[in-house]
Each structure stands twice: as structure tokens, then as C-alpha cells.
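Alright, structures below, take your time with them.
Same chain, two partners: chain A is paired with chain B first, then with chain C.
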Partner chain A sequence: MENLSRKQNPYNDGKVIDSCGLFGMMSLKGNTFSGEDAMTAIANMNIRGNGLGGGLAAYGIYPDRPDQYALHIMYENGRGREETEAFLKESFEIVFNEEVPHRDSATGVVNPPLVWRYFVNTLGSIKEEDQDDYVVEKVMFINTKIHDTFVFSSGKNMGVFKGVGFPENIGHYFCLEDYQGYLWTAHARFPTNTQAWWGGAHPFSILDWTVVHNGEISSYGTNKNFLEMYGYFCTMFTDTEVMAYAVDLLIRQHHLPIELMAKVLAAPLWSEIDRMPEDEKEVYTALRQVYAGLLLNGPFTVIIAHQGEMIGLGDRIRLRPLVAGLHKDMLYLSSEEAPMRLVCRDLEYSWIPKGGEPIIGRLETNEVIYQDKPVVVGMDKNANTSSA
Partner chain B sequence: MGRITLINTSRPENDMNRVKFENGRIRFDADRLFYKDLNFLLRDVLKEHKPEIISIHNVYGQRYIGTNLRQNVKIEIYGTPGNDLGAFMDGPTIEVFGNAQDGCGNTMNSGEIVVHGSAGDITGFAARGGEIFVKDDVGYRVGIHMKEYQGKKPTLVIGGTAQDFLGEYMAGGTLIVFGLYMSEEQRHRADFIGTGMHGGTIYIRGKVEEHQLGKELGKVEMKDDDWALMEEYAYKYAEHFGYNHKQILNRDFVKLVPLSLRPYGKLYAY
Partner chain C sequence: MLTHLLPEFKIIRDDERCIRCEVCVRQCGFDVHSYDAEEDMLYADENKCVGCQRCAVMCPTNALTIKPHDYEYRPNANWSKEHIRDLNKQAETGGVILTGSGNDKPYRIYWDHLVLNASQVTNPSIDPLREPMELRTYLGRKPDKVEFDNNQVKVDMPAQVMIETPIIFSALSYGAISYQAWKALLEAADEGGTLCNTGEGGWPHELRPGKTRVIAQCASGRFGVDLDYLNSASIVEIKIGQGAKPGIGGHLPGEKVSADVSRTRMIPEGTDAISPAPQHDIYSIEDLSMLIYALKEATHYEKPISVKISAVHNAPAIASGMVRAGADIIALDGLRGGTGAAPKIIRDNVGIPIELALAAVDQRLRNEGIRNQASILVAGGFRNSGDITKAIALGADAVYVGTAALVAMGCTLCQKCYTGICNWGICTQDPYLSKRLNPEIAKRRLVNLIRGWSLEIKEMLGGMGINALESLRGNRLHLRAIGLDQWELDVLGVRGAGD
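Right after this comes the complex of A and B.
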């Protein structure tokens, strides 16, 4: 076993202050690019993480198999693989499968499990509208019932790559410079309350929803109980998992628009609701009542993504950082401003979003939606002359 | 071109080429340099050569630049310095040509930080002295727990607007928000201004509604010496960023002070 404390604390500081790092980049026109910039950016925030978890999610990377569910599965031993493959053969039509390509020579990656991917169709008897539910059910079955096996990515034309190590090392291990995607998110982990293991790294994912998270969800118990009523089971030993399932429930099952989904997770304060016009007051009061069990308490910033959309969201009083930037067709979201500027030297515009207000990059309409007027952080070169 | 001898950096061989004398000033290339090495190197160079100006280039997120420095030097930063810029700083002037991240001026004791752009959350965090000027906007909790003691009194001047919890737990010093890029009708967007505030003064140019204020502070009338102070800082701001200071003084200011120096004094006593 490598001596991690040597590596993480080479200056032998009495206390190492870290916090998770998040980065996301998306082409609003769907132009694809490799994972290199996302890795460079997250590596620039190296000190936010401590090497006990790193990962990336990428969208649009399997254009040759866009209609099949891509299951990324980690096996801690051969028995898990045997049982899982038998189960997969019963439950799906497996079109293609292979070991996820990786570099054995990569450094900084700790005890990698066997990672395999399967491109599958649901069986012919499953109606189209039921296919997503079917996949969720099977993923939950494998993750709760089959030992030493975890499905950590199950969407179409997207994939999660994660493990124990710094994210740039994990990206290098999985050869992410060879993939072309239009949306990448990345995470550098600094585990606070839970152990470091391959499944516990971010992004967390169900179907094509992924979440990377900085913070602590102190309402985890309440959220977990609420989600269990809808058939979502938490198996990854960490708080962020509830967020992925909450988003899937609210958007895919309950058909809430993303703007309202954000207001369930980061509900407006009652003092704000009191000042709203009557109709809004009614909506937000109802949301807080119906989804009280999904309110996320505690400090958090997340980047949520699924096919065609990237969403940045922070808690209501902004106890964790998030900065947004725009350049041509690119939307950037990051824990710090410097990494955006490192990978995009002439970034046109950047701002500090308001807590609880989602920033939504949308491929379909090629636009960024931010409910309130963004607060300009710099770059407003004409401001001097236009005011007063 | 001069040659620099290094005292205690961790990797002297690699770092030697980063520091150059150019026309009587020192130029320092920080490209991909780890923050600890950057700060060690900066300290060594300042100690040995005592330059009046040093410029640091290609800064991308390195933290704590200028931390705990106690000498008169001007440090110019090109790029985006990382969190806690000038933390515990005692004397130097830092000028940033770009935006500053979170925690700029953390517990600063004396000196000046000038940001030609915006600054992030908790700018001026627990500052004990010195001056900070930010050309544009700032993030959340700016001026949190600023304090003053006798002759030590920090001042933080923001050209644009600020977000929620401005002046939270403020215990002293002066916080000035000019709101330059806003129309007369537009109100500042910060909520919970001065929550927990028990010392110091906040001046805000432009509109602030009653519900945006924390429970512990109230609006008071601007007096002549308040206007004189605004004029002094409007002038300094204008000098730094090329602005007409009279344009800053053409709109009303709101002066906010704590209603009590010990708002919760009775909470634990009966």
C-alpha cells in the first residue's frame, strides 16, 4: 500500500485544508472535443482534492452506439463478474462488451478493479416508455444483490470514468484523451465523512444523469428514506448519491422542469416566499410541502448533467463556491475561476451565480438559461463610460 | 539580466529561470508553479533583493500570494490569483490585472490590494487594517468579520455591487459599495446585509430596501464627515481605475451602522 500521507502532504503541514473541486464544460452547439481540457482544468485545482477520489463524465462519446444503454461496471473479483454476466444475459440483449481501455502504466491510481462495459438493449417484451424504469430496476438489483459489483454508469451515448486517485490520473488511466464528447464534468474528491473507494468517487450516475458535488448533505438520512419509497436504494456509502436519484425522480418520473427541480433541492427561504406575488407563493409553498423530503440541507454546489444539458446549482446561501464562464459556444462551470481561464485564455465573460439559482446550458436551444440577470464579474469593459 | 540566489525553495534548479531582472524591475513567471513554491520563491527574492516592484506573470489559481509579507513592495499580478490573496499581509501593495478569487485580503494587517476586475466570496475576510479596492463586483459574505482596534482600521471599496451577507458579523472598519454599473431605480441585490454586525460602518451608493438588511443594523443619515470620507475614497477609486470621482458622488448613499455593539449580550444572561 502506497503511503498516501507522504504524497498528499509533501510539505508536512500540520493541517491540510482541502475541499472538493468541480469543473464542467459544454459546447452549446454540440461540438465535440477530447477530455484533455477538462483534465487540465481539474488538475489546476489539484489542491482542492487529496487523491482519494477523482472522476469524469462525458456525453456524446459513443456515437456509433447511440441507442444502447452503456453499462460501465466495476468488479472487485471474478465471482461478481460471473454472477453479473449471467444476470445481464437474462435481462438484456448484450450487443457488444469489452474491458474499458486503460493504461496499466498510469501512475497515481490505487488498486484498480476490473472495469468492463456492456452495450445493451432491453428485451423485446419491454415497451419503449418502460425501458428506463427497467434499466433503473436492474441496476439497483445488481448494486444491492450481487456482491463486489457496481454499475456506475448506465446511460446512452455517455459514460462515467472514476476511481481512487487524482482526477487527472484517473482520466489518464482510462485514456480519456481518446474520447470525443460535447459535455464533460470532472471532480476532485476530498472525502469528509466517508471512506475512499472506487465506487465512492464522483460523478454519481443513474441512466444518463450524473452529479458531481462539493459539500455535505446533512439531510442525507431524510433524503434517502424519501427516495427508498420510490425504489431508489443508496449503495455507494456517500451522501452525493441521493442527488442523482432525486434528480431522476423529479425530472424523469415526475416531469418537473429543471428550474423547479432546482427549487426543490435548494428551496427559497420562507422569508423570500413571503415576499413573492400570490401565485408564486402558492407554487413554492406547495413544492416545499410535497418535496420536503428532498430539500437538501447543508452546504453544497453541484454540477448536474444529462444528455443535452449541464446544470450548475449551489445552496441558497452559497456555502460552497461556483463560478460560471462563457466563451463563444462554450459554457464553463467551476469551483474556481482560474481553471476556466487556463483552458480558455480569452474567456469572454464570467460571473458569480446567486445561491439557489440554477445555470442551465441547453443543447437543444443552444443557450444558457440563468433566471436572474447574471452578476457581472469583470469583463464589462464599457461599464466605466455607460454608468452615472 | 541579473542572477538570483535562492535560499530555501524546495526545487531551486527548476525555479532559477523563472526570475529575471528587466529594466530595473523583477519579473517572475509563475506558469504551472505550485503555490507553495511560488510563495517560497517570492519571499526569497524579496528578502534578498528588496525590489520596489515585482511582477508575477501567468498566475492561474496559486493561493496565498503575498501572505505574511512585511515590507514595502509593489507586487503586480497578471492572471487570476488563487484564494486568500494577501492573507495576513503586512505592508505590501498588490495590484491584480484580472479577477481575484475567494478570500482576497484574508486577515490582512496593513497594505493595499487593488483588483482591476472582480473579487470572489469573503473578500476582506477578518481584515484588521489596510485598504482593498475592487473595480467591479464581489461575491458573498464580503467584509465578513472585519474589525478595528485603535489606529488600525480596514477599508474595503467595491466599485460594482455585492451579493448576500455583505458585512456579515462585521466588528469594525469601513465597507463602501459604489454600485457604479446600476441604474438609479435598480436596487442592490444583496440580502441579509450586515447580519450579526456589531461594529464598523457600511456605505452603499444607490437603493437598498429595508428587507435586505439584517436585524442588527439600521440606516442613519449621512453627515458632512461621511460625505468627506466618500469623497476621499471616490477619489482614490477614480485614481486606481481611471474614473471621474465626481460621477461617484452624484447619487445618494445609505449609511448603515449596528444598532447595538452587543446585539446578543442578553441572550445568555438573565
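Right after this comes the complex of A and C.
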């Protein structure tokens, strides 16, 4: 998208304000299921969106092509597609490509663009450890330099489906009942700037990381300044973008574990740090000193996902809702409790996580990690992990 | 020679109220008031009055009114009373006109053209009476990342100094100000969880034990600088310049160098204490680097080193060089910064407003990706917590207040600091005058000021939906400007109100 900022921010506001409903569900054992439940759940929170943006992210949906980067790309016209495909041919080995299946008969979607998917390998000359950075660079080029084109997602064995409409309508349009994934996140958007476009809907994604976010962080300017020092340029004017870059910097560039990343974005209060044992105090003090510019201040709830992991996190004084639920091998994260119970009538347990405490579902170890030790029915009451 | 000067102030005494207690006579160090016992009358020599209001405040019956004199020359848009007065002074003496305090000229005060944001609907404001609200700030160089290796955070932080509120007492030297005033600042900094700056006059030995919330200045005269001085402090500051007198050194007249001042400054009693204009071992940026590292060696790399400059035209480039030379803190002192003594022509004409310098320096350091390598302290005429909050939003880590602290202790900005006479007992070494400043009461007034302003900053932060000061730092989206030209908006990096 050549003039991304004008498209995304038509009135040139200091930042784009929106508010949202979030839903995420994951099988900790990697069992796959269709997108129907995620669509049903997010539809139950229609009041949290206004039809000006909705979308879903799904993981494990391309088991036949697990090793290729799956690029979901939207074109507003044929010119964008020509330019992009020429660029892709130069930059990648395209193994397979096709239009993303959709229902022309679907209602409730507004001016759908052409959405195409490409399964690609990086060129042989690119070393394995540089492949992710290479893909990021090419995606950024398309998103900022090529006309009328935007990359929805670029990870392996995952994809983002989003657009203008309520999320269940978008899901219906993209036939998400036909996909089988082990982790789904969904987003209903309530932007307050009235012009919506398909690329501006959420989930926001780079590589296999996706972010769905609800909130309006008041630290946006500080966060943006900090990220710019590390070479991230915010072109979307949204909190979600800032959050995605912050996660990328902390996890991919600075190699912090997810648990500590959460403690940067929603830092413990100084009064809490003061009461910690010396070694912990030293760590958390250093994190706040160095990453003061990445503290996300003001209301937010976010569901971050990547291959094998789903993370829920709310701001440290809990100004936006987040509810977690457990049932057998399933972890649910949601803005509200009702949608979880709608798709899982006999939900074993649900609770409201503390502000700033991450809830992490992890495929590798089949466990959920949380630090606020809720009493979980049928599980060890003292454990701070639960195995599925 | 007959003086052509007219009095600056008019003294109106309500004779019906006056009870002849002679408080005014005793309180005025300039000998304005006198009592004639034979006539049972009080007289005033208006020519000597500096308008400090000490007599009016102390008068038990409110019999005194002191106000600017209303004499007028023929109206002239070019030649003000002040111009004619200054010119006459020089015609009569052939000297350089001295003054004290900060620039009082009507240069644009940008704080008065900036307004803050507040949350409405899309995110909530936060009530500091109900929710935690954090002002804690760490000063010092920050690394680019926290190293994480073998499942462990490797903490290897350069020296950091914590302040509980972003308000620090600016450099006010013992010698310029009285022992009582200096002690009050030291103790108020300790109690208020902040820092005070020694200024260039050293640090009396008996006031060192148990006190560490001090920035020890190392200025061009090196007065009072030794290992114990440097290592007793939390931060060491190299003073290159001062906002009130960029490019000018300092001169404490021998009359103010009492036995105590002499011991503290480590110079002979009664001799003039002259701070050269430049530091004579710093003629270039690499020289600065050598002094920075000499001080780091002397303090075992346990203390951040600050470098203070006056805000001048090339401040961004200079500041960038200072960070690269090893400075952990950049202190900028703007056009309206105060002084105990400066040539009036310098005070009123040299330097740039702190708002512009701050915005430009913060932006430059960010552009160069080195903003995290130094904290930014700013000074120069901060009048209230609104100014301070706006400074944080423009990119400051914390703010130096000098004039405001003096006013809290009693100063009324009469600008006669350079005379050695201060009726409020602040800027004087005359024991008769200085003993009237009770350090305990002065400390209480300073602590109250810090507390009141901190509470107000919390209210403003909460209004913006922010509960930690660091989330406002450099967050210029929370500022809007009113009545500024485009170039000013560009320098400040702030949008116009309504935009």
C-alpha cells in the first residue's frame, strides 16, 4: 500500500483510536478444529464492534505446506497484483499460489478486495537464520511501496483472514468453517474514524505473530519514539502496531522470554518491585529502567499468538476486560465470559486474570502458565501450571 | 556627581496604622527606613529601595505599601524607563551593569502556549486518589537492551540514581546563598526524595554525613572539589554553562568569602572566588571526554556524570557530542535561568528558551538512536507543576528548579542577589541577615512545594490516562499549541490545538 498512512489515517489524527472485542481459543494438545466456534463466540460480542473491521487468525491450517511462508495478500486492483507478483518472483521461490477461497454470496462484507495466497521459500542464498528478517523486509516493502496492496499475514502454517464487516461475516466470506486449526483468535473492531479498509482490520500480523488488541494506550507517543530508535517505523498509527513491534523487539531481537516481555509491557508497580527479594528486584528494576519507553500505559487487553503459543495480557490496573477459561485441553481467552460458555457449555473453570499477569498457553509442554494461582476445578490447587 | 536616577519604588506609609515599632528599620538591609525619635516620625529613602517587600510583610499593622514608582518620562516606544535608567547608571560609573535572578524580558514563554490533553470516552482518566500513580525516575545512562542468557537476566546497569519526583533543586552555591538556605535545600532534597545541586561552592564537611541526595558540581573554579566531595554525592556534574550567563564565568566577591566559605571552597578567606568563563582544561569535546572519564575513575564508575550547558543555538549538536563523550546526563539551562550575579546585558540577551532547546535536543538524540544513553535535565524558569509536566512531555527526564525554590524560601525576585544584601536571609553572608532564615522552616516550605507540585503532576497524569511518568516522557501527542507559528510547532514537534 503505497500511501498507507493516508489510507489508514484519513484525517491525519495523532493516532487512530478504536476499541474492540477479542476472542481466542487453543487446544494445548494441538487438536485441530474448524473456525466455527471462534466465529460463534466473537459474534456474541457484536456490541464490541461496529462492523467496520473484523478478522480471524488461524494456526495449523496448512499442514500440507508447513515449511513455506504463507503470504496472504490483498489487492484493491489488478495493477497492485501485477507489481506484487513481479516483486515476489524476484524475491522468493513461489511453490504454489491461488486465490483465497470465498463466498461471493456472503452478506455483510463491504467491497471485498481480491485476496490471494502464496506459499513461498526464500531464495537459496538466504541463510536459515536470516530468513525471517528477509521476509519482514519484503513484507514491509510491499506494505509501504507497492500500489493498492497489503500483506495480511506472512507466517508458516498459519493465516490471517480479515476485512470490513463483522468478524463472523468475514469468516463466512472466507469459508473458515472449511479450515482446521489448533489455535484461533478473533477480533471485532470499533474504530472511531469512520473510513474503514480491509488492511486496517485486525489481527495485525508479521511473520507468524498475530496481535488482536482492545484498548487505547495513552503512552502511544512514548512507545512510538522508543521503537523508532530501534528502527521500527509506525505507519499504521495504531496501538496494535506499536504492540506488535514491541513484542518483536523484545522476543525476536532481545531474546526475552514471553513472561518477562509481559512484565515490560505491563510492568509491576514500583511498590511491588520494592517488596521483591533482592535478585528479583534487580531484574525488574533493570527491565523498567531500560524499557521504560515500552511500558504500555492506559487501557489494553491483548491476545498475542504465534506458532504453538497463545498469550493473553491486560494492562496493569485492568482497565479493559479479559477472561480466561479452561476445559480439558482447551484454553479460552475472551473479552467477556458469555462467548466462552456459548461455545463450551460445560466449561470447567473460568477466571479473571490479574492486571499485568500473562496467561500463556503452550503447545510444546501442553500447559497453561499463569501466575495468579486460581483455584482450578479438578487440578492441583497449588500448582501454577496446569497440564492438559 | 549628581545622580540622574529616580527611585524605582515608591514607599507609602499609612501613618494612622504605623505604631512606630521600627520593624521596618531593622529589617531593611539597604537602610531605606529610619526613625527620628525627636519627631517620633519614620522616614524612607526611596532611592535605596529594591522592592523586596520584606518590610511590608513584616509590618505588624500592614502600614506599608511598596510599589513601582509612577514617575514618567515623555512616552517613547523605543526608550523605556529601564533603558534610560541603565544608560544613566553607566554614564555615572563607566561600569558593567550587574544583576541577579533570571531574565525578566518578555521573550515568548512557550509553556503559556502549550496545553495538555485529557482522556474522554475512548479511554478512562485515572484517579490518583484511588489508583497508583508513579513519578519515580532513574537518572543515568541506560543500555540498549537487557541481556538474557541461559535463562537468566544479566543485570549490568551503569550507575542509576533514583528520584521519587521529577523536581530537583538547581545549582545554588554556598557562598552565593547563605549557609541556612543551603542547608534547607540539602535537607529538603533528602526528605522530599529528590536531589539538590551544590552549585560551584563546595559542600560543607559537617553537612556530609548521612546525606547523599546531592549533585556535586565541578565547575571552572573547581572550588571545594576533592575526592571526598565527589564520592559523597550521588551524581557529579561538570558545569560548562549557566542559562543566565552563557559564555560567562562567575565572580564571588571577597567580602562574601567568610571563614566558613573559605574552608568549604578551599580558597583563602577574603579573596575573590573567580570561576573562569571556560573550564581551562576543556577547550573541545575530546577534552570534555577526558574530564568525564577522570571523574568516573575518581568515583569508581559508581556515579552518573552530568554535563550542564546553557541552552544556545547549537545545543542539539553539542548535546549529541556530550553523550558520545560519555555524559550520562545532559543538563540544559535556558534563557530564563537564574543567577546570583551576571552582567545584565548577558542575562537579557544571550541564549535560547529552554522549551525550544529541550525539544530540539530530545529529537536529535532520538534521531541518532542515543536518547537512552543519557537522561535530560532541564532548567530555566519553571514556575509551576504545569510547566514541569509539559517539559516531561517534550522529552525531559526531570526538571531543575532554582528560582522557584528560592521563592519558596522567601525570595521575591528583587534581583539584588549580587549586592551581598538579602533581606530574606537567602542570598547573603551577613550573619545579621542570614540568621533570619530558619533552616527548619525553609526546609518545610521546600518540602511542601515538592509535595504540592508532585500531587498536581499526578492529577494531570491521571487526567491523561497515564499512571507512570515514563509514559509521558517525550509523548508530545499529549501537547497541543496555541498561537505559535509553523516553525515553532516544527521545533517543538507539537501540533496546533484542534489539529
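Basically, the second predicted complex is superposed on the first by the 347 of 388 C-alpha atoms of A that agree within 3 Å, B and C clash if a C-alpha of one lies under 4 Å from a C-alpha of the other, contacts with A are read in each partner's own complex, and residues count from 1 in each chain.
To be clear about the criterion, a contact is a pair of C-beta atoms (placed from the backbone, for glycine too) under 8 Å apart; a residue touches a chain by one contact, two chains touch by 3 or more.
The shown structure was predicted, so the numbers you read here are calculated from the model rather than taken from an experiment.
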* To do: Classify the contacts of A:337 with the two partner chains as first (chain B alone), second (chain C alone), both, or neither.
  => first
* Asked: Looking at chain A, which partner touches more of its residues: chain C or chain B?
  -> C
* Looking at the overlay, does A:256 come into contact with chain B only (first), chain C only (second), both, or neither? -> second
* Would you sort A:317 into first (chain B), second (chain C), both or neither based on which partner it touches? => both
* Could you look at A:289 and tell me whether it touches chain B, chain C, both or neither (first, second, both, neither)? => second
* Based on the superposed arrangement, let me know which partner A:355 touches: chain B (first), chain C (second), both, or neither? => first
* To do: Jot down the residues of chain A that show up as touching in both complexes, chain B in one and chain C in the other.
  => 271, 317
* How about chain C: which of its residues touch chain A in the complex? -> 119, 122-124, 126, 131-132, 134, 136, 138, 142-146, 148, 151, 153, 155, 157, 160, 366, 369, 371-372, 464-468, 470-478, 495
* **In the complex, chain A residues that touch chain C** => 14-15, 17, 19, 192, 215-222, 225, 228-230, 253-257, 260, 267, 269-271, 282-283, 286-293, 295, 297-299, 316-317, 319
* Complex contacts: residues of chain B adjacent to chain A -> 10, 35-36, 59-61, 63, 79-83, 98-99, 101-102, 117-118, 120-121, 135-137, 139-140, 160-161, 163-165, 180-182, 189, 211, 241-243, 247-248, 250-251
* To do: Name, in rising order, each residue of chain A that touches chain B in their complex.
  => 11, 44-45, 47, 271, 275, 317-318, 321, 323, 336-339, 341-342, 350, 352, 354-355, 372, 375-380, 383-384, 386-388
